[in-house]
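A, B, C and D label the chains in the order they appear, each numbered from 1.
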Amino acid sequence: MIALSIFLIPLLTSFLLFNSKTGNAAKTALTSLILMLLVAIGGRVATAYGLTGTLSFPLISSIGFSFSLLWDGPAFLMVLLTIIAGLGIVYFSQDKEIHSSNRFYGWIMMMLSAMIGAFLAGDALLFYLCYEWALIPIFFLILKWGHGEHLSKVTMRFFLYTLFGSLFMMLSLLYVHQSMATPSFDMSAMWAAGKALTAGEQGWVFAGLFIAFAVKMPVFPFHSWQPSTYDHAPIQGTMLLAAIMLKMATFGLVRWAIPMTAVGIAENGHWAILLSVISVVYASFMALTQKRLKMMIAYSSVAHVGMISAGILSNTDQGTVGGLFEMFSHGILAVAMFVVYAIIEKRYGHDRMQEMGGIRTAAPAFAFLTFILVMCNVALPFTSGFVGEFLLLQSLAHYSLVYTAIAGLSVILGAAYMLRGFQAMFLGGNTHAFEALSRNEKNILAIAVLLVIVLGVYPHSLLQLIQNVY
Amino acid sequence: MEKLVALIPLFPLLGFLYITFFGKNQSKGTAGAIATALVALSFVLAILVFTTQLHGAHATFVKVLDWIHVGSFQVDLSFVVDPLSSLYILFITGVGSLIHLYSIGYMHDDEGFHRFMSYLNLFVFFMLLLVLGDNLLLLFVGWEGVGVCSFMLIGFWYKDHANNDAAKKAFVMNRVGDLGLILGMSLIFVQCGSLNYNDLMIGGSAIGHLGKWATLGAVLLFIGAMGKSAQFPLHTWLPDAMAGPTPVSALIHAATMVTAGIYLVARFSDLFTISEGASQLVTWAGVITAVMGASIALTQNDIKKVLAYSTVSQLGFMFAALGMGAYTIAVFHVVTHAFFKALLFLGSGSVIHAMGGEQDIRRMGGLKSHMPTTYWTFLVGTIAIAGIFPFAGFFSKDQILAHAMENNTVVFALLMLAAAGTAFYMFRMFYLTFHGEFRGTHEQEHHLHESPKTMTIPLVVLAIASTVGGFMGFPHAIGHAMHIEHALDHFLSGSIELTHSHMSVATEIALALISMAIAGMMILFAYNIYIKKATPVLEDAEINSPLHRLLWKKYGMDELYDNLFRKPIDALSAGLYHWVEQKMLLGMVDGSGDAAKGIGRILQPLHNGQIVTYLLAIIVGLIALIFAL
Amino acid sequence: MEILHNVTINHYLGLSTVLFALGVFGMLYRKNAIIIFMCVELMLNAVNLALVSFSKMHGDTDGQIFVFFIMVVAAAEVAVGLAILMMLYRNRHTTDTDTLNDLKG
Amino acid sequence: MVILLISALLGVSLLALEIFKLRRWMMPLMVMAFLAIIGGTFALWGMNENVMMQGMIVMDAYALRTTAVLTILALFWLLTQHQNIEKTGNSSDLYALLAFSFCGALLMTNFTNLVMLFLAIEILSIPVYVLAASNRSSLLSNESGFKYFILGSAASAILLFGIALLYGATGSFDLYNIHDALMSGTIAPLSWVGLAMILTGFGFKISVAPFHFWAPDVYQGAPTPITGWMATVVKGAAIFGMYRLFKGAFDGAMPHLEGILVIIIAITLVIANGMASIQSNVKRMLAYSGVSHAAFMLATMIIPGFDPQSIVLYVISYGISSLIVFSIMNQVGQTAGEELNNFRGLSQENPFSAAAMTIGLLSMAGIPPLAGFFGKYYVISGLISTHPGLTIIMVLTSVVGMYYYLKVIFAMYQKTSIPVVVEENNKVVLSLGIIALVAMMVAVQWM
């Protein structure tokens, strides 16, 4: 029931918004999100006292498809991320000028609903449905509220590319599904069926799944849709993509790929880990050469997810837990970093870093908060980025120390490009008139920084939540 | 009593938080007093903790918080109290509180005063974490934390991009070392299954599970140490780091942070002892650094740059000692070095303060009469570093040399050379600064003054420490009779491998005399050139002799790195971005779309609207089917 | 008469095939819509011939009955076809199929 | 039997109504007839096989389901298109022709004898020849009707010759007898040739490569409502008939057949999607997309076993999606034109139409949770273990498919100063269709 209501609240809100006036769309969305947060946390507490949050009823019994929602630690964590990121996005944009805002927030809420569905899904087909369905709202968000001269080309590329990937996931899931005596998409049945396949078959099944996830995460060389899409999307869309949407893919690795095809990955999945590791370094190089803030953040995001992917695929406790933790941390960080971008872009009218400078003098608090976020981005200890990234590197080290060393290069390169950007924008003497941050902007950054530090200093509870679930 | 250790890092942290969030309303005096008092409080606690270790060393663990527990990976926020860590916290908080006090005066006119004090507090917090952590990961927290503080403090005057560049360079080069440390940790965890000192070394001996990986593990840890402690080839950031305010140079880039590498190697002495190869590497890196640092310092004219290269060189001495197995001696040198180098930096700060920001010793001279306290304390520091009995530097440096003589003659010769150079460049700087005629502008001369009390008190305290600090490590020859020989050695034996020496008393005394004689000769040499002959120092443009130029240009390492790493990496990423990212990958994606359209374009003429064509296609299809079936 | 007795099913089938092929080739080579239309009829009649002969061979009447159906359908087709053709001619004043390519690509 | 009678009488009654000048009763009559047929199928749902007319036709579960599907499509077509038909002025002729065609379509679902098959095809096709040319003043419509007629009757002749040869080889027109004959002993070369010709004939009717060339021309030229009819009811009936024939007579009997079908499907997918991606005329693009959907429908034939669920689901999901799309297409075509540019800015003044069209297109593209996804799902799920290569081609071409559907969606949501404005006269029906597309997820299990 808990899971169902968290899934339904945003969906219903989106329908409500589509049929309402533009007046207080943001308030409605915020209210709904706060309600979700309360239900989620209350639900988690209630679960501790024995209430079952899960739900399952058959939809198409002939193929074993049921509407089944889980309410375990990882699912809760990702839902929490979705809600928090959603809150951040809506809170941030509530005082912005947005045309036909009711539909705008409607699409956002629908997107959240689809993603929550994917995170909660205890049924492979349901996961796939939500995974695909999430494309539609973001597609309209980009198309209708995006900007830039190549908007339609970029949107088209994004949509087709990600669709292309996820269709391979369908093939893989169907292959596993077909191998059962009594077909069922139920999670445990799928896991068992996947494990029963030969290593060779598992390798192929994994390949299909990984291509889907690799496109969405994205991992080199499947990432070429991402920077331009981030660039053209409205800032809220970019946040949705970076903070939550790509987590569907990494979460898919944890929830579906690893349990089903662990043997296949170990024997025939080296290429995927190699690609992930290459992705980390390659994206760092890309970020190093960017002149624009948004692009730099975009590439740094690619580097982070490459690390998540590599760590998860090396398949140890540290990898799985570290991966989940890093997803959460990166989600919050992504929202915050793009808020920083939006703040600067609004005041300068562009985001070419080399043409800025001295923001620190004008807005010391802003600089302070941003610096902590930058440090989280380069995985400084006592920020949440460190806990996740370190666990992932540990996990990767179990697989190969050489890969760890290569992926670890991002430790150096990340510091180089992040500090280069920070220096260009915030430090230096020349000052440009810089309007003080609004209360909303300040609040959202402060909360993000607080979360980042609290999670970095005391990640224990969160880590306990997502342990030993498999 | 040991439980109190948890409070030691807490006080500076509180100071940081308080000044950051509420400091704006406080006057500079109050804020500075709070910051200093909190560190001093920690110092008092550190003394208490230290005394518990005096009577029979034993390691105690104090757990504060559950931190990261994932499967077999179990790491807590937990502190270790043992001789090594208690010694370190003692001089960190001690020297730290003095420098805080000094900063109140030194930074008084700076608009970023509050910021400065809070950063210093934060730095002390992280430095304490580094040495108190009972596992490698917590050490790493402090390790990175001090790195960030170093970044913020080097670039403290952020409006000048030269400072920011130096800060960034320090951070990124440190990160190169950090990668080594991360990999080392990973290797140790994978092979030994734990990162806790207790499992690895103190309570257990899991470090032995490294087996054939021991050398690799030790080398990786040492790479981390190289970055933080500015060892060749990762040393170039330290001289640049002098861009920060002088107290920062004293605290971070002389006394404490840069010795974290020595702490790391000393802490893992069990590992380095079993790996001959790694120890060799440590020795040679140390020797090369010592000689190189000393040689560059001979030609530098910036008072802080000279001290910086001197620090590099002294750190090289310490690593040479570590590599030769003299862990306790290295730590001894860390402590004495902390005293006299902090003193020297603070003294130079006092000079710079008086000179209105001027740092070039060619523009100074004759300051002796204007600032007597600074002069005398600076003299103590200079003698101490030159290695003259009975000042602190003599004891520690001499034992390193003695140990080198026992082990490897080449190392000994090179270290001796570096020591000789040290005496020369220190006195060169000393004479040029305080003696002779004043060479600056009239305006500067007019403003010359002795520094305020907050600045001179720390100088005096440190000067005393530099004078008597060496007594804790009397060599056998002197201390034997009083039963206090190697007091520090014995104390530290609770934590790290003991240094073994088989040297006879006669040799020891002979060596001490020789090294002092050489130092004395060098001092006279410097006196001869700069006081007696008053040879003017060459201006930058006049430096022509190739050797001089090479040294003055710091062996061209900065340019080399620029051409070897920075430029190629920038070019590589720009190239990858243009060719692979934009042309190849995007081209592939868009190309696959064109491919589908291409199929259509090719087939379009077939769909020409003619019934005949369509019929023909049907017939051809039919015939094909007939043959296929 | 001798020859007629030697006519086997294969001969009928051969003839039917030839007729069918003629129809096909006629459709391919002629440009006049009416001729093409007649060629279709020729093909249908070829089928009729085949069906009747098979019917005879199998000794049942199914095939022959089928022929009646085909004839009926063919008649219907003729009616519809001619109507369309007339309309086409009225609008375009030609029955040349080569010019009928406004729809293509 | 009753069902067939209703459908046959429907056409006659419509003509009669015209005579008695009761045109306004035609539409209700048709609706009632369709509802009666749907009701009939539900009433008979669980019954046993019922062989009728001396083994010429059979009412079995397959026939009932497919009948219901075709009738639902016809009803939905009627509800979305009746205004357009009535606008033409000769609605009675058109309705009657449609009713006859519908009768043929129902016959396609329940024949067991090749004679009935032939009759069904002709009854299905001949009215549609006329319908395609029904816009008498339009040269394109004329051309479309003529091409359809000439090529269609040639294809019928080829099919017929195939039937004759098969009859010669096996001595029967009955599906099951043919199957038995083919299964026992060696297979005569005649039956190979016969099969090839039957396949050609059906390939033409359902329009798969290389027999698809007529489809784009005819679809484009015919009046849009008729195109909708052809793309849904006619194509559905043809594929249902083909399924019955192939599963009934040739299943397991012809060793190479499966391989041949795989090749045909693959070629069709590539050609159709490639051609569709370069079209600027939306209607023509939809025609090519219809060809690619035909390939999917054909693919249900090679799913092992006789499980009509996949084909039934595919036809109805594709049918409803296309009818929605063609309905909007028709409105835009009448006001602005059929080119891609004419769709520009549709969402500004007509958000409902744009949304409906978008949902229809997304469903055709197979985006979950719309019906089109489940259609594709069953096909791919059935083939994944036996023909993984083919499924990969399906997936890749689906992406191309998404590309050209997206082009339309982009155009509709593009901002423009002179947006197209259309009349929205059947929102309710279209909404029902959209709901059906979403509800299919749950309804799948009853198919």
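One rule holds for everything that comes next: a residue touches a chain if its C-beta (ideal position, glycine included) is under 8 Å from a C-beta of that chain, and two chains touch if they have at least 3 such contacts.
Being a predicted model, the structure only gives us computed values, none of them experimental.
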| item | value |
| --- | --- |
| Most centrally placed chain - per-chain CA mean versus overall CA mean | A |
| Which of C-D and B-D has more C-beta pairs touching across its chains | C-D |
| Geometric centre distance via CA averages, subunit D-subunit C, whole Å | 27 |
| Whole-Å gap separating subunit B and subunit D, where each centre is the average of the chain's CA atoms | 78 |
| Geometric centre distance via CA averages, subunit D-subunit A, whole Å | 42 |
| Subunit B and subunit C, separation of their C-alpha mean positions in angstrom | 98 |
| For subunit A, residues that touch 2 or more chains besides their own | 160 |
| Residues of subunit D touching at least two other chains | 147, 150, 154, 158, 216-217, 403 |
| Per-residue multi-chain contacts in subunit B, two or more chains | 593, 604, 607, 609, 611, 615 |
| Those chain pairs that satisfy the touch definition | A-B, A-D, B-C, B-D, C-D |
| Complex contacts: residues of subunit D adjacent to subunit A | 309, 362, 367-369, 373, 377, 380-381, 384-385, 388, 391-392, 395-396, 398-399, 402-403, 406-407, 410, 413-414, 441-442, 444-445 |
| List of subunit A residues in touch with subunit B within their complex | 157, 160-161, 221, 223-225, 282, 285-286, 288-290, 316-318, 321-322, 358, 360-361, 375, 380-382, 386-387, 390-391, 393-394, 396-398, 401, 404-405, 408-409, 411-413, 415-416, 419-420, 423, 426-429, 457-460, 463-464, 467 |
| Subunit D-facing residues of subunit B, complex | 593, 596-604, 606-607, 609, 611, 613-615, 617-618, 620-622, 625-626, 628-629 |
| Subunit D - residues contacting subunit C, complex | 115, 118-119, 122, 126, 129-130, 133, 136-137, 139-140, 142-147, 149-150, 153-154, 157-158, 160-161, 163-165, 167-168, 171-173, 216-218, 220-221, 279, 284 |
| Touch list for subunit A against partner subunit D, complex | 59-63, 128-129, 132-133, 135-136, 140, 143-144, 152, 155-156, 159-160, 163-164, 167-168, 170-171, 174-175, 177-179 |
